[in-house]
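What follows is subunit A paired twice: with subunit B in the first complex and subunit C in the second.
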Partner chain A sequence: MLGMRHTYLWFAQLVTGALIAMFLGIHMVIMHLEDILGFFGVEIHEPTSWGSMIERAGKGSWLAFYILFLAFVLYHGLNGLRGILLELTPSAKVERIINWAIIALGIIAFALGTYVPVALFQG
Partner chain B sequence: MSTEKGKKLKFKVQRFNPEEDQSPYLQEFIVPVTRGMTVLDALFYIKENLDSSLSFRSSCRMAICGSCGMLINNYPYLACHTQIEELKADTLEIRSLPNFALIKDLVPNILPMGLKHRSIKPFIIRPDTQEMENPTAEFIQKPRELNSFLQFSYCVKCGICVSSCPTSASDKLFLGPQALTQCYRYCADTRDSGAKDRFPVVDTDHGVWHCHLAGACSQACPKGLDPALGIQLLKRLLVAKALGISKKQPPAPIVPPPTVSKPKIAVPEFTVTPAQKET
Partner chain C sequence: MARRQVKENYLGWRGWVWAGRYQAERYLYLLHRITGLGLVLYLMLHLCVMTVFRIQGQDVYETIMRLFDNPVFKAGEYLIFAAFIYHALNGLRLILQELGFILGKPTPPVYPYKDSLRKKRPIVLAMIAVVLIFVLVVLFDFVNGGF
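Entry: the complex of A and B
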């Protein structure tokens, strides 16, 4: 299992890329393309207003959606950044530093990113 | 450019003597060129008539040995496989292959490529070592199975793919298209079962997953191989293995000895006997 670590990392990069496209599509349609939804009979009134946002924040499904979306974006972006940095700094010592820095950055960003939707969900 | 008799061409050839020079420089030579003359012929003309200290590698002069890879007008070619006429240029600038350290003049140090090639174990690996050491018969391989990797076995290890690879330019630890393609060549061979020994070598931060699929290796390969395809197929093998959906089959067995053999076709009788010939 560990012997194929980089294959799993790369496969996860592919999967999160596809999931980001899907989640971002949902986000864009809901938040910015309500006219298109209206064409299909789904009415969302002012999705970017404060009231609509608070209403969505109270739903567990939207909480899960945004936490997953954040996780996918962070993994995809930071793993891509890691790949670029490792290519430019071919040294075992620097690699270890980059790996841990990326993991730390990811955890901090995830904690900060999930704080707001979780706090809003809890009211 | 035409190569009519008496035509002369300017060659700007990279020179570098590590004992005297700080950095490489270009030296100009005027070389009489003829139709069909290759860049390697011109380099030999320079060495034999103008400057005997010029250093470059060559051996077979027929694109088999892969020795004479060099950068000709900013594009990597085999010098013996490149006719001056086809370049359609009035001046030829010849440098050593990029992405390799320079030893002297046009001689790159291709040792790192050789070591990377060796690291992927470029030979058939099987559990039946007795049969490998003392072969008694051939291993079965269908034409379709052979075609799955045949083109990759034409690699002459010239280093042109590595010299054209943008990832090799930025990441000196990157295994490179040559080694990765050869890894696929042996893993795809049905006679081989050494994937478990090779996958840990290529499944690293500087292995197969760092290929950006620029495709420059496939465009530059003088033997017409498609290393970018080989690398993609290697990725497929790795993902299939990681997901547990790879084909699990033992290496090809040996061919059973033939039970029936056709008799050899008889040698035709002489239509003219020696006696008739004398008369």
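Entry: the complex of A and C
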């Protein structure tokens, strides 16, 4: 099983990549493309304003969206970064250090990134 | 001997920028890597900003958002958007390629050979065209919204 580890990690990289294309696509269109959304009849006013942000933060569906999104993005980004860093050295010892550093960074970032949306959701 | 072989085939960081005998795809790969690193860096900054300042309430949040509301940051946001478009579409191409959907049926190696890079060249060009269209549409929206 352990020998297949890289295959599973890489497959997860592909799956999260495809999911992020959708999640980040939605995020970017809502946050930046007001004119194009308006063309299709969707009116969003100042999505980055406090009021608009609080309105989204109160909805369970957005909370789930952002937590899933964060998990996919952190996995994909940090596993990608890990792959690049591991090309720097063939040393197994350095590989272990990089792996644990990446896992620690991911856990810290996930904890930080979920804390605020959950706190805002609870009010 | 085995150890020396590893050294000889090991390009190190030079392999990041030098395509050698490889074709155009190697430079798409390089751009995929650069945009990927840029997006990870932005993700970390974005997470820090949205965590540290948002939890302090409306006043701090609005002050920091006003700080970002200038042409330099808007241009930066546009670059992030463009990097995302390229990384997503090139990534989609790589997924389809890796799973074998766009490589075509295997053919017997009869002269004149047609390698897989040449077979999928139209798909690569189509991907680049779609990236350019999206990048221009988003540029239009950014400029229209007032830089």
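By our rule, the second predicted complex is superposed on the first by the 120 of 123 C-alpha atoms of A that agree within 3 Å, B and C clash if a C-alpha of one lies under 4 Å from a C-alpha of the other, contacts with A are read in each partner's own complex, and residues count from 1 in each chain.
One rule holds in what follows: a contact is a pair of C-beta atoms (placed from the backbone, for glycine too) under 8 Å apart; a residue touches a chain by one contact, two chains touch by 3 or more.
Quick caveat: nothing in here was measured; it's all calculated off a predicted structure.
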Greater residue coverage of subunit A in the superposed arrangement, subunit B or subunit C: C
Contacts of A:V118 with subunit B and subunit C, given as first, second, both or neither: neither
Contacts of A:I97 with subunit B and subunit C, given as first, second, both or neither: neither
First (subunit B), second (subunit C), both or neither touched by A:L68: neither
First (subunit B), second (subunit C), both or neither touched by A:I26: neither
Contacts of A:M4 with subunit B and subunit C, given as first, second, both or neither: first
Touched partner set for A:L81, first subunit B, second subunit C, both or neither: second
First, second, both or neither for A:I36, with subunit B first and subunit C second: second
On subunit A, the residue positions that both subunit B and subunit C contact, one per complex: 87-88, 90
Complex interface listing, subunit A residues touching subunit C: 14, 17-18, 20-21, 24-25, 28, 32-36, 48-50, 53, 73-74, 77-78, 80-81, 84, 87-88, 90, 109, 112-113, 115-116, 119-120
Residues of subunit B defined as touching subunit A within the complex: 167, 170-174, 199-200, 203-207, 209-210, 235, 238-239, 241-243
Sites on subunit C touched by subunit A in the complex: 6, 10, 12-13, 15-16, 33, 36-37, 39-40, 43-44, 47-48, 50-51, 54-55, 58, 61-62, 65, 77, 81, 84, 88, 91-92, 95, 98-99, 137-138, 140-142, 144-145
Touching residues on subunit A, where the partner in the complex is subunit B: 3-11, 83, 86-88, 90, 95
